[in-house]
Structures are given as structure tokens and as C-alpha cells.
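Read from first to last, the chains carry the letters A, B, C, D, E and F; within each, the first residue is number 1.
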Amino acid sequence: MDHSIQLVPNNTLITSTPEEGRQLAVKMARLIIKITQPDAEKREKMRANYSEDPGLIIATGQTVATEFATIAAANNYWR
Amino acid sequence: MDHSIQLVPNNTLITSTPEEGRQLAVKMARLIIKITQPDAEKREKMRANYSEDPGLIIATGQTVATEFATIAAANNYWR
Amino acid sequence: MDHSIQLVPNNTLITSTPEEGRQLAVKMARLIIKITQPDAEKREKMRANYSEDPGLIIATGQTVATEFATIAAANNYWR
Amino acid sequence: MDHSIQLVPNNTLITSTPEEGRQLAVKMARLIIKITQPDAEKREKMRANYSEDPGLIIATGQTVATEFATIAAANNYWR
Amino acid sequence: MDHSIQLVPNNTLITSTPEEGRQLAVKMARLIIKITQPDAEKREKMRANYSEDPGLIIATGQTVATEFATIAAANNYWR
Amino acid sequence: MDHSIQLVPNNTLITSTPEEGRQLAVKMARLIIKITQPDAEKREKMRANYSEDPGLIIATGQTVATEFATIAAANNYWR
């Protein structure tokens, strides 16, 4: 694993607001893609394809939903 | 990430009723699709295709179910 | 989103029994399909196809399982 | 929905042992398949196909895992 | 369902260590495959194919992750 | 199962930081792939293919998200 890539931005799951928690979920999902395919050019090429493929976009949404569930629990749902 | 798109409407997971919580789950799932494919025209074209594809509709339902689980927990299940 | 469709029947996750909770999970999963494809004729056509496709039936079962997890927690598992 | 099919055998999530809980998870997953495709002959035909398809078998396993998570929580993990 | 196959080894989710919990998750995932396809020869043939198919291997990993979540909660995360 | 492969590095889910927890989630997801396909050469060949396949990369991300949810709960979210 490439330890130079930080997988959890700021090394915390705690955020001020749900909006920031959601942005963190999106970032954490993308960082896993980055360490799985570290070649930026190849990632860019894949991205061009997948952003027009509804199945892959929905699968991305499922991942974000799972990451967000964890972040929301960590923040006690910002109640 | 396009920070001009708000990912959590009203920046809260708290809703008055389960019905509103469910609508929030649907909206949050759709907003992830929006930031993944920000081009409205391409989204419209994809939508036309995927709304007749049962596999993609079911996958959308799975995402909504996961988002709703988080929102329901945040609201202590509106008990 | 078509707000004339109620996404949570009776606007509550609370049910008397596990059986009723399971029926609610099935209904909630189907209502998401309904708002994603509001055209009844197209839904009927899709249903004819997907009810003979084991992959889609299993995927439907996964969605119901996730919805039911939320409903069961809401009802404190009817203990 | 065909209300003559009972979706939760014995109408309870409580079981004496983990083994019985696991059997209940399998049964509940199968009963959703039954109400989605109520025609027994068609189900039998599909089953012949899918039991030799590793992707579908693994997907079935994912559904059982989700159902079991709910049943295990309901039983406080039989601790 | 073939009741001669035990679905939960030792009929408990409690293990001494995380490592044993992880092994239990793998075993429980495999036992569901066994009751879905009870024919050992067919299972062996499928296994030969799927162990070289990255999509199926990743799907297996998703199932193990879900089983392990339940087992880890049962053991209060071995804290 | 090949018991010579340790499935949970250091045999604990407890980590000092979210970043270390995330790295553990990635490792645990990869170790399941390793015991499913123990042949290093075949794994290398698969990896070359799948790291350019967006669907498989996203599926890997979903697995990591599920593993991380468990690890984060084990660490009480590093609050």
C-alpha cells in the first residue's frame, strides 16, 4: 500500500456539519480508488468512461452511502 | 468536488416524519449522481436509459435503502 | 420527485409484528421503484422480464433485507 | 403482495441458537424470492440455472449475511 | 434446507480473538454456498472458475465483510 | 482454509488513528482475496486486469467501506 497517500483527510471522522461529513464520505471513497489505481492518467481515462455509465455511477453512490453511514455514526448524527 | 452543489439539503439529517426522511434519502442518493456526472444533458440521457433498466432501478433502490438506514437512525426511528 | 406518491405507508416504521414489518420492507422497496419509473405500463413490462431473471430477484431480496434491518431496529426487534 | 405467504416463519426473529437464527435467515431470504416469483415451476427452473452460477450463489450469500445481521442483533447475538 | 449441514460452526458467534472471528466469517460464508449448491463436484468445478474471476473474488470479500461485521459486534469487537 | 495466512494483522481491530484504521480495512479486504486465490502469480495477473476496470475498483471500494465500518465501530470512531 502506498503510505504517502492519506486515506482519511485530516485523520479524523469528526466534522462540523452533515454537509462536511458527506463531502468527507465522497473523498474517502475516491481515495480508495486512488490507491487501487495509482496511475493518474489511467484513472482519468477510466473516469471519462465511467461518468457516462449509469451502473458505475450508481455503484459509486452505494459506496458513498456506506462511508457516510460510518461518518454519521461517528458524529452522533450531528443531533 | 464541486462545492457549489449542496449534498445534504438543509444541512441536517433530522426530519419531522419518516416520509420526509425517505424523501431526503432519495434526494441524497440523487445528489451523489449529480456530482459524479455534473453535465445535466448527459444525466438526462442516462436517466432515459436507466429508468427502463430493472437492474439499475433495483440498484438505485439499494442505495436509497442504505441512505435511509442512516437517516432513520439519526431520527431515532421517529419513535 | 413526485410528492403524490407516499413513500412510507402510514408514515411510520412501527408495526405490530415482524410479519407486518417484513411486508412494510417489501412495500417500501417497491415504492422506490415506482418513483424511479412512474410509468405503470413500463413498470409492468419490466416486471414481466425481471421476475424470471434470478439475478434481479436476488438483488430485490438484498434491498428488502436492508429495508427490513432498519424497520426491525425501529421496532426494537419486536422483543 | 400475496398475504397468504408468511414472510417471517413463526412471526418472530427470536431463536434459541445461532444455528436456528442462520436457518431463519436462509428461509427469510428464500421467501422474498417466493413472493417475487410466485410461480413454483418458474422458480424451480430458475433454481436449476442459478445453483450452477457462482455469481448468483455469492449474491444469495450476501443477502443471507444481511438478513442474519438483523436476526443476530434481535437475539443480542445469543451472548 | 439440508439440516445435516451445520451453518454456524460450534453454534456460537463468540470467538477468542479477531483472527478466529475472521476465520468464522469465511466459514459461514462458504457454508451458505454449500447449502445452495450441495453437489460437491459441481462446487469444485465452480470454484476452479471463480477463483480466477476477480469480480467473483471481490463479491466473496463483500460477503465476508458483512458476516464479520456481525461476528465482531457479537464479540463487542474484542475490546 | 490456509491457516498460515493471518487474516487480521496483529490480531486486533484497535488502531491509534482513523488513518491506521483505514489502512487496516484495506489490508483485511486484500487478505480475503489472498486466501480465495492463494496462487500469487494468478493474483498478480488478475490485479493487472482489474486495476483498469472501474466496476471492479468500485466494488473493491464497497468492500473497504464495509470493513472500515466495523473497524471504526470497534474504535468507538476515535472520538
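To be clear about the criterion, a contact is a pair of C-beta atoms (placed from the backbone, for glycine too) under 8 Å apart; a residue touches a chain by one contact, two chains touch by 3 or more.
As the structure is a prediction and not an experimental result, all values here were calculated from the model.
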If a chain touches subunit A and subunit F alike, it appears here: none
Farthest chain (mean CA position) relative to subunit B: E
Distance between chain centroids, defined by C-alpha means - subunit A, subunit E (Å): 27
Approximate Å spacing (C-alpha centroids) for the pair subunit A, subunit B: 16
Multi-partner residues of subunit B (each touching 2 or more other chains): 55, 59-60, 62, 66, 69, 73
Topology of the chain contact graph, where touching chains are joined (line, ring, star, complete, other): ring
Subunit A partner contacts - residues on subunit B that touch it in the complex: 1, 3, 6-8, 11-14, 28-29, 32-33, 35-37, 42, 46-47, 49-50, 53, 55-56, 59-60, 62-63, 66-67, 69-70, 73-74
Subunit B residues within the subunit C interface of the complex: 17-19, 21-23, 26-27, 51-52, 54-55, 57-62, 64-66, 68-69, 72-73, 77-79
